[in-house]
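Quick one: the structure is below, and I'll ask about it shortly.
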Amino acid sequence: MSSDFGKNLRVSIFGQSHSAAIGAVLDGLPSGYRIDLDALQAFADRRRAVDVLSTARREGDKIRVVSGLFEDKTCGAPLCAIIENTDVRSADYDKIRFLPRPSHADFTSFEKYAFRDHRGGGHFSSRLTAPLCAAGGIAKQILSEFGIYAGAHVQKIKDISDTPFDPVAVKRADFSVCETGSPCLDKNAAEKMKAAILSAKSECDSVGGVVECAVLGLPAGLGEPNFGGVENVLSANLFGIPAVKGVEFGNGFDAVSLFGSQNNDEFKVENGKIVTATNRAGGVNGGITNGMPLIFRVAFKPTASIFKEQNSVNLQSGKEETLLISGRHDPCIAVRAVPVVESVAYLTALDLYLGAQKDKLNRG
Amino acid sequence: MSSDFGKNLRVSIFGQSHSAAIGAVLDGLPSGYRIDLDALQAFADRRRAVDVLSTARREGDKIRVVSGLFEDKTCGAPLCAIIENTDVRSADYDKIRFLPRPSHADFTSFEKYAFRDHRGGGHFSSRLTAPLCAAGGIAKQILSEFGIYAGAHVQKIKDISDTPFDPVAVKRADFSVCETGSPCLDKNAAEKMKAAILSAKSECDSVGGVVECAVLGLPAGLGEPNFGGVENVLSANLFGIPAVKGVEFGNGFDAVSLFGSQNNDEFKVENGKIVTATNRAGGVNGGITNGMPLIFRVAFKPTASIFKEQNSVNLQSGKEETLLISGRHDPCIAVRAVPVVESVAYLTALDLYLGAQKDKLNRG
Amino acid sequence: MSSDFGKNLRVSIFGQSHSAAIGAVLDGLPSGYRIDLDALQAFADRRRAVDVLSTARREGDKIRVVSGLFEDKTCGAPLCAIIENTDVRSADYDKIRFLPRPSHADFTSFEKYAFRDHRGGGHFSSRLTAPLCAAGGIAKQILSEFGIYAGAHVQKIKDISDTPFDPVAVKRADFSVCETGSPCLDKNAAEKMKAAILSAKSECDSVGGVVECAVLGLPAGLGEPNFGGVENVLSANLFGIPAVKGVEFGNGFDAVSLFGSQNNDEFKVENGKIVTATNRAGGVNGGITNGMPLIFRVAFKPTASIFKEQNSVNLQSGKEETLLISGRHDPCIAVRAVPVVESVAYLTALDLYLGAQKDKLNRG
Amino acid sequence: MSSDFGKNLRVSIFGQSHSAAIGAVLDGLPSGYRIDLDALQAFADRRRAVDVLSTARREGDKIRVVSGLFEDKTCGAPLCAIIENTDVRSADYDKIRFLPRPSHADFTSFEKYAFRDHRGGGHFSSRLTAPLCAAGGIAKQILSEFGIYAGAHVQKIKDISDTPFDPVAVKRADFSVCETGSPCLDKNAAEKMKAAILSAKSECDSVGGVVECAVLGLPAGLGEPNFGGVENVLSANLFGIPAVKGVEFGNGFDAVSLFGSQNNDEFKVENGKIVTATNRAGGVNGGITNGMPLIFRVAFKPTASIFKEQNSVNLQSGKEETLLISGRHDPCIAVRAVPVVESVAYLTALDLYLGAQKDKLNRG
């Protein structure tokens, strides 16, 4: 497995959907930073199952930090956050042990591991985003002391689009609406998306979505060029969220329809600082932050678990069979992914921020 | 810097656009594989400046392998391939030393390094894709012995689309048209794209493009889950190619407009093997290959170097100035990127293939 | 911090001496291997405080595996083992918060972290070898299925030496005496060492020791040359055990007094297999195992915590002060280190064993 | 292979004894540091064959830096240094292709790679320490700007000992005698060692040696605890030098004969700074530098290439044969290893120094 990531801040995620517990270890946190455990819990709770849009599974998801803090502050030691698994119904999954669900990791994990924990998707479950949010929430609190903030929203579901972030003018205040429960910046878009999701659900089907994220306050100079840049590291980490199938920065794929003169960001001076007049690059040139907001979008495929009969093949008999999935699943995984995307953004940003401290030795 | 990548196969790229030489070190190649140096040169030559679509810079780009081979075969030792830089006109770049070109790495590299080689973009130059192709060509020859092949084409430029690969039926023969010089599978699309590029060029402008790539013959089970999966590693490596701003797998961003029932890949048995009837996932579930063709697309922004006057800011004086770029630049970087994308695909595939050998210890 | 190690098998150790819990995450275990949790507990219990030679702290050290197993077998998912901390007397350490104990990490951790958990040495405590043994015990069980076994003993304390392992003929049966509680192979040596330790203890002092370890059954070809070899990786991991100040392989430092003709290992054929007649190299040539027993020795300094008055400097006032340490400490850390050294040997061996699977692609 | 090392400063070594060239890539050097190429050449020349003590092979070993510099200063781009191989007599090695030399990597490399370059030991040759010195010499020049200096000497050969460094009072001036050609600090010891080496040579035999190294000027706080500490990283890198079989820090193995009260380093205040009165720890506690000189010793085994008949086994026939080695080999590898040990010390120190910059974010 390879459930750890990060260079200066190492994050290791452990657990299966139905194991005794799940959790995360963060190794490399700077020391002396106060962590508000209530705020941490509140942040992580944003990804929990909350309303009709989400799975019926009710998880307490109480985060227990068993190491890494002393007198409520980070102390340089690795921080381990544990979440006990409760409300587990493993029997729901007996039939899929050898009958892989289409577009899940059931087949590939069987091919790779021969023996694996099939219950609820095992280690491949979206449930593993709970410790990811616990980890991200820690990074968030530390980065806030440097004026670095991330915010995300569901920017698109089917043909319904939310107002995108203004890539130049996006402000921390823009994040508050999603921090308080809405998946969208625009209320109407939120209503329409909700209707589309419920409609899909009523058809035993699911939908995908695009999550857009902005990170503010990153200084220029973060990220290494070529293969260690912001885009490299962030995309690698984002594809670690289940169901992600695409990542783009700034204009991304839309840049393909533009001329260079429509996609370039010219420089100007603003308040004595060099900035770009536009931000089509999404805040990154040559893999390195330029001081503008970091803007990226993440494509989530429709939830693979749908409640229609599908064709599968029995892994033991080798015979084709049909499968009707039971269990509890979100009809649109993108909705709950909003704080998960923020978490990956925070963890990646803190890793890069730590790494960039060495650049202070660079000389003109 | 962070110009190395890979876990089991380590690739380290060195050089600047105008340094004495550029090159690559490959550490971890399996031993005993014959390398045809003429075939290697021919593969790498595909990215060279060849016709009206490309920069006027004429580079011999002769690959010299100074280590890692013995009696024409890999011998377990790190392989170093060197390309001497010739036809360098550094004076062309004097004016941009402190006057950053919009949407280049000039500004961010200055912010990060304080002192850097500005000539031709230094280490951030697309020229560094030459050793990347040398490295990729080595991986290609080794993987061919396992029946693994990659092919890419320019799938889109502005509103002109090439025929996409059939994600289920794509065959090695489909790669031959691009291997022999065309950027597209479809001749008409190639002509239209050429016209669009020349039109942009005549306007002193540039265009972007999407490169689509397929990798055939990958066994099921490659890639580690979560943060070490095929998508994670491949996207991280692809963003190391200059001008890449987006990466997607299978249906990618388009999956957002689909229902789960339209995006799932049902299983069936074909010739005694479990396959999927469709391949919307692009060959990867849960980060792990499923044995279907690996399909991904890479968005290249329009070349940042355009020959129109643009606004910039002098890094020494802090004053706004206008800039008219000179030098030699492709009007569409995506065209020459085709073998570069293949190279990254090969290097990543070989890394993952080596890593997956340990899975043979897994037991049912 | 950097409390993780390993390439193919990643081990992440967390916890402080007085945090709520300590533990380890193992990422990359092969799947399908049965883990006997009672045997695991028994192995880890070997490092616990057991008799007059050890600290008075009584730790239950019950290992709880919260993930990574399914139906009692490894399942490919990261395995997390947690040990709750009990019998903690933090007040014992109040006076050392700003008064560093000589030859402990108190001063250096303060210099590095500014804020750190001083209680019981925090994350630098020897207590962190408990999860290391939990992790090592897992690796041990898996490697036993490949016929790989490690055994260690206290080879030297002051001028008292235990019989060294026969570097050619050492057998698994030789390990049993230490597995059942003796620190030495030779009973007389054990008695003499015990007397020496108790004598030091009665003087409020401490002693060091050499632990010798043999690993049997390793196939030839493990380890990467140069910087990824067996000696490189094993020494790096061994220095992660508190109080280790030296590591040597085979003849080690004694080779300096020998001629090449006295130190070389000539080849011969035995039972159709190429072996060396002697094993002065300790089973490693050029960083790679040669199929002979792997033999290495680890120097542990005398326990830094002694109960004599020592000079220190107050970190807040900057004034010199004297310090008399209280708390509970082993007079000779080498005794309890025996299973810890074995654990590091097992974890390193499994990592290398996994990595060497890719060598099956190498061709003659 | 795994011929790269380092975290913040990545070093990749390439080449074989008889390949066209050998070299090193350094990725992560801080930018803006002037590199004096003549001084670099002079430093690297210290390891060259110089007198009767060394091999008869005459190597120009001219270092060519092909990238990474601009206007004679590091520019953030990876630096590649290449040394062309000359004076190669490959035919000398024909007979050892399938007849492994005792205590060389001939057998293990064959077992691992099946096909490998046997000529002169291929990639396992001590010749690869030439690019290591080129790399080390770069790090040395950069570190000198921070007041960090390393010096080494041959401390022991057989029963002849050189004056050890005073672990507290060692000064940069103490390094000058070895920098100007002597292997020892003490002239008499140098003469005696020379005699011992020549005596062994005349017997067609070889001797080993201990190299002691001191690093001055390292600030307190370098190194990560547990598995990323100074001792861990440095030992891992030192074992990458051919023939190294042991590494110890401070009192090392001798600490085993001492009481804790004899081995501890008490604190005191000197010139307003907290120092230790003694330095038995060799400048490292808990893996982290304490601001005292870093002191370590490296055991080199006697050169494996001796000119006596030895027993071997033919790898093709599987039959026992005798072998008489020809070729050119130092009778004592430790002599030329002095600048190699310094190089590894510099490269490791710079890596750790870069990594420790992030600690400035730690707060009290």
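As written, the chains take the letters A, B, C and D, and residue 1 is the first residue of each chain.
Keep in mind that, in the parts below, a contact is a pair of C-beta atoms (placed from the backbone, for glycine too) under 8 Å apart; a residue touches a chain by one contact, two chains touch by 3 or more.
All values derive from a computational prediction rather than experimental measurement.
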Fewest hops from chain B to chain D - one hop per pair of touching chains: 1
Pair with more cross-chain C-beta pairs in contact, given A-D and C-D: C-D
Chain whose average C-alpha position is farthest from chain A's own: D
Geometric centre distance via CA averages, chain C-chain A, whole Å: 38
Centroid spacing, where centroids are CA-atom means, of chain A and chain D in whole angstrom: 45
Mean-CA-position distance for chain D and chain C (Å): 26
In chain B, residues with contacts to at least two other chains: 1-4, 13, 31-32, 76, 109, 112-115, 123, 359, 362-364
Touch list for chain A against partner chain D, complex: 7-8, 30-33, 76, 225, 354-355, 357-364
Sites on chain A touched by chain C in the complex: 1-4, 10, 12-16, 19-23, 25, 27-29, 31-32, 64-70, 73-80, 82, 109, 112-117, 119, 122-123
Residue ranges of chain A touching chain B (in the complex, touch as defined): 1-5, 13, 100, 102-105, 107-109, 111-115, 123-124, 128, 156-159, 200, 203, 205-210, 220-221, 224-229, 231-233, 235-237, 239-240, 242, 244-253, 255-269, 272, 274, 276-277, 280-282, 284-291, 299-306, 308, 310-313, 315, 318-320, 356, 359, 362-364
